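Note that chain A is present in both complexes that follow, paired respectively with chain B and with chain C.
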Partner chain A sequence: MSFPQPAADDYAVNNYQLFRLNTPLSSPGDIYESPQGGHLVCVGPQSDIANINVAYFDDQVPGTFLQFATISPTRSFVGFVSARNEARFAPAHRPGRILCWADDIYDPSFRPRGFTAPDTIEFVPPQLDMIQYFTPLSSVVPPRSDKTFVFQNYKVATGGRDNIVVPYYGRKYCYVQFTNRNAVTANIFGITGVNYAITQNGTSNPYTQETAIRAPASVAAGASVTVVITAQNQGMFDALLFSVNEAGPAPLRVVMSDTGV
Partner chain B sequence: MLLKPPIISKLPPVSLDPSVAQVQAPAVTTGQAENRMEVSAYLTRAGETQVLYNGDRMWGRVTLTLRTAGPVSIGQQAKLVPVLSGIGQLLQTGVPTVFNVPKGNKLYVAATGVNVIGVLVEAIPWLETITGLLGATAGATRATAVAAVAPPMGARRSTGKAG
Partner chain C sequence: MATALTLAQAAGQAYDNLHIHWLANGLKATLTTFWQTTLDSFPESEPTSHPVSNWLTLIAGLAATLPSTNVPINQLTQAAQYVYRLCWMASFLQTQGGITNTQASFLLASYNVIIGF
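== the complex of A and B ==
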């Protein structure tokens, strides 16, 4: 999480009509707060996280007074919700706030099966983008912006493989183009769909699921590979993992969208 | 010859005789400050009731527009918390709410957090004048009526018996 997190009060004082929380995640446990009430909460355009939990104070929830709803690119939460700063959540006795956190799992400790030294792995941290409107709106259907990730050179140790993980939560379509611009050496390129799971720390057999979308295979010098991933044909994943075994140059372009074809 | 403008006091003529009951007459003039409008933004604080408008000098039409989500409570009582208790009236976001505040009254505000309220205060000096006139008229009418009904000072009350 970016620290300190953006303050909703500053948005209010500066007469913005909204509070936008746009921050990269560093762990799945990041929780954010807003002391401002709002009339609508929705997923922002830059969000990689598809499902966001929004919690608020509710006197009628026994034990905690914490009521929550999950918003997504197809479902915003419309209606006035007070932050209730004067009330206290139980049992922590913390003041009332509107809280939000990612409902999707993000695990930067994930390692693919067969990952051994000197393999390397890099994560593109998912962006959490949430917008809280201070003024009434009739309805907002917040589809996310299409996202493009571009890579061209890779950190590959001798004899190893480099893995790049990009967030793919809730996306329904992806276009992947990989071209080996190395004029001499072939590059073994693979694509794996990853669905994270909560696993006890240190277990040798994590519950994360992997789906081979393109089994690692050689791409000849100067050759190009194009892969289209759809929710209908391949499924839906939390992340996509791309693996290469040569440093490049090998441009990799990944374009993903919420709208399936 | 230098002509000076006539000196007009804002204070109406009053009798110095303490035995004469009198109602304060309306002001015949108004000062510039009393006609001045005020446009501002008010930032609420969490938890405490504060004075939003003090109408101790003049009648005023106060228009409040909540710019944030709230909740923000407005009322005439000096203690409006808890905000959602219903002691005051809750403002709605983006909806101007008008209060005609008589002279001598205050508007209080309470909120659960930082909120922005658009405040427009329009003075109503003529309402002060009308109020004064009505008061004076009513006072004079009452005095006349009392004089007509009451017996003269020192007169004996009739007991219905002879001598």
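== the complex of A and C ==
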């Protein structure tokens, strides 16, 4: 549950020295506010979102007093980030505060091309993890933790396929292992890289970009597939989509990292 | 584009709709009219509606900095992303009770009149 969001006030008043906003996105439009100024903002270790926009009050920006910074796993923002509750952003005339939101797009209405009933789709909501420090720090290099997603059984209706979408923003390396542990039936397994676009979903022509990394193909009973995805060889994606046509058991392990190999 | 029946539909049509205003050199005027029309419906005294008013504050700031004509294409993208996110946020808050159905309906109606076609 992301809203109502945790309040930065409690963290500042109780001298916690930092406010950590660590939440799954509840919608593509999530925007969070902090009425507290701070000395540094950076991406937290658990974040699936790679790029986070921060807006704050700046007297020296004529006309709006809105200043912006985009932080990422390779770039924190060191320096005083002011909220200035007593002042007003222009021209909306709303109180100064720090605003932050995911720069990366997320679309839980996305459906892959060819998706028809009785196909199913499950999303792992992207985690947004941002840290605001209330004490001065010389610098922070905020690499994200490697992340592992593990799945084993799936929701496949008769004649359909199940699609699992996991966030992949800014990742540069991914190891995928899929093993069909159904002793009798083959499982058609595919991997697609997805880059979201602002699009009307539910139409025959959504604008989302899809890249076939492993075209859906049969994995025999007892057989295993290993795929390594790198930024250099396959590219960079907002999400990875895995498709299966049997309920399993078929363990799928996805390990992703910010550092290429 | 067809009239958006839901805020989620409005979000999905944001880029296509604003593109038409951009081509006609009407992006600044459209965004300005939109935030001026809608912001007062999400007062500062309602903390649960702040996510919507925060997006409108950003849209107001963007509109103020846009040139009246020949808006760079990257600012069209920025405008579309703001409106896309605003609509999704309002849609979510409506389902969660963060804003009222009246507020959501007014936002959608304003979108359809000012931004939509």
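Methods note: the second predicted complex is superposed on the first by the 253 of 261 C-alpha atoms of A that agree within 3 Å, B and C clash if a C-alpha of one lies under 4 Å from a C-alpha of the other, contacts with A are read in each partner's own complex, and residues count from 1 in each chain.
Throughout what follows, a contact is a pair of C-beta atoms (placed from the backbone, for glycine too) under 8 Å apart; a residue touches a chain by one contact, two chains touch by 3 or more.
Keep in mind it's a predicted model, so treat the numbers as computed, not measured.
Participant: Record, for the superposition on chain A, whether partners chain B and chain C clash or fit.
Facilitator: Aligned through their shared chain, the two binders fit side by side on chain A.
Participant: Tell me the contact category for A:125 with respect to chain B and chain C: first, second, both or neither.
Facilitator: After superposition on chain A, A:125 lies in contact with neither partner.
Participant: Determine how wide the angle is at the CA centre of chain A between the CA centres of chain C and chain B, giving a multiple of 10 degrees.
Facilitator: 80
Participant: Could you tell me if A:24 is touching chain B, chain C, both of them or neither one (first, second, both, neither)?
Facilitator: The answer is neither, since A:24 touches no partner chain.
Participant: Determine, under the contact definition given at the top, whether A:45 touches first (chain B), second (chain C), both, or neither.
Facilitator: A:45: touches no partner chain.
Participant: Mind telling me which of the two, chain B or chain C, contacts the most residues of chain A?
Facilitator: The larger set of chain A residues in touch belongs to C.
Participant: With both complexes superposed on chain A, which partner does A:15 reach: first (chain B), second (chain C), both or neither?
Facilitator: Touch partner of A:15: chain B, not chain C.
Participant: Taking the superposition on A as described, I'd like to know which of chain B and chain C A:112 touches: first, second, both or neither.
Facilitator: In the superposition, A:112 touches no partner, neither chain B nor chain C.
Participant: A:92 in the overlay: touching chain B, chain C, both, or neither? Say first, second, both or neither.
Facilitator: In the superposition, A:92 touches chain C alone.
Participant: Working from the superposed arrangement, determine the closest approach of chain B to chain C, counting only CA atoms, in whole Å.
Facilitator: 16
Participant: Residue numbers of chain B touching chain A in their complex, please.
Facilitator: It comes out as residues 41, 43, 46-47, 67-71, 81-84, 93-94, 112-116.
Participant: Considering the complex alone, what residue numbers of chain A touch chain B?
Facilitator: My answer: residues 9, 12-13, 15, 35-39, 80, 82-86, 96, 134-136.
Participant: Which of the residues in chain A end up touching chain C in this complex?
Facilitator: Residues of chain A touching chain C: 3-4, 26-33, 55, 63-64, 66, 89-92, 94-95, 97, 99, 101, 105, 109, 197-201.
Participant: Any idea which chain C residues touch chain A in the complex?
Facilitator: It comes out as residues 8-9, 11-16, 35, 39, 44, 47-48, 50-51, 53-58, 60-61, 64-65, 80-81, 84-93, 96, 98.
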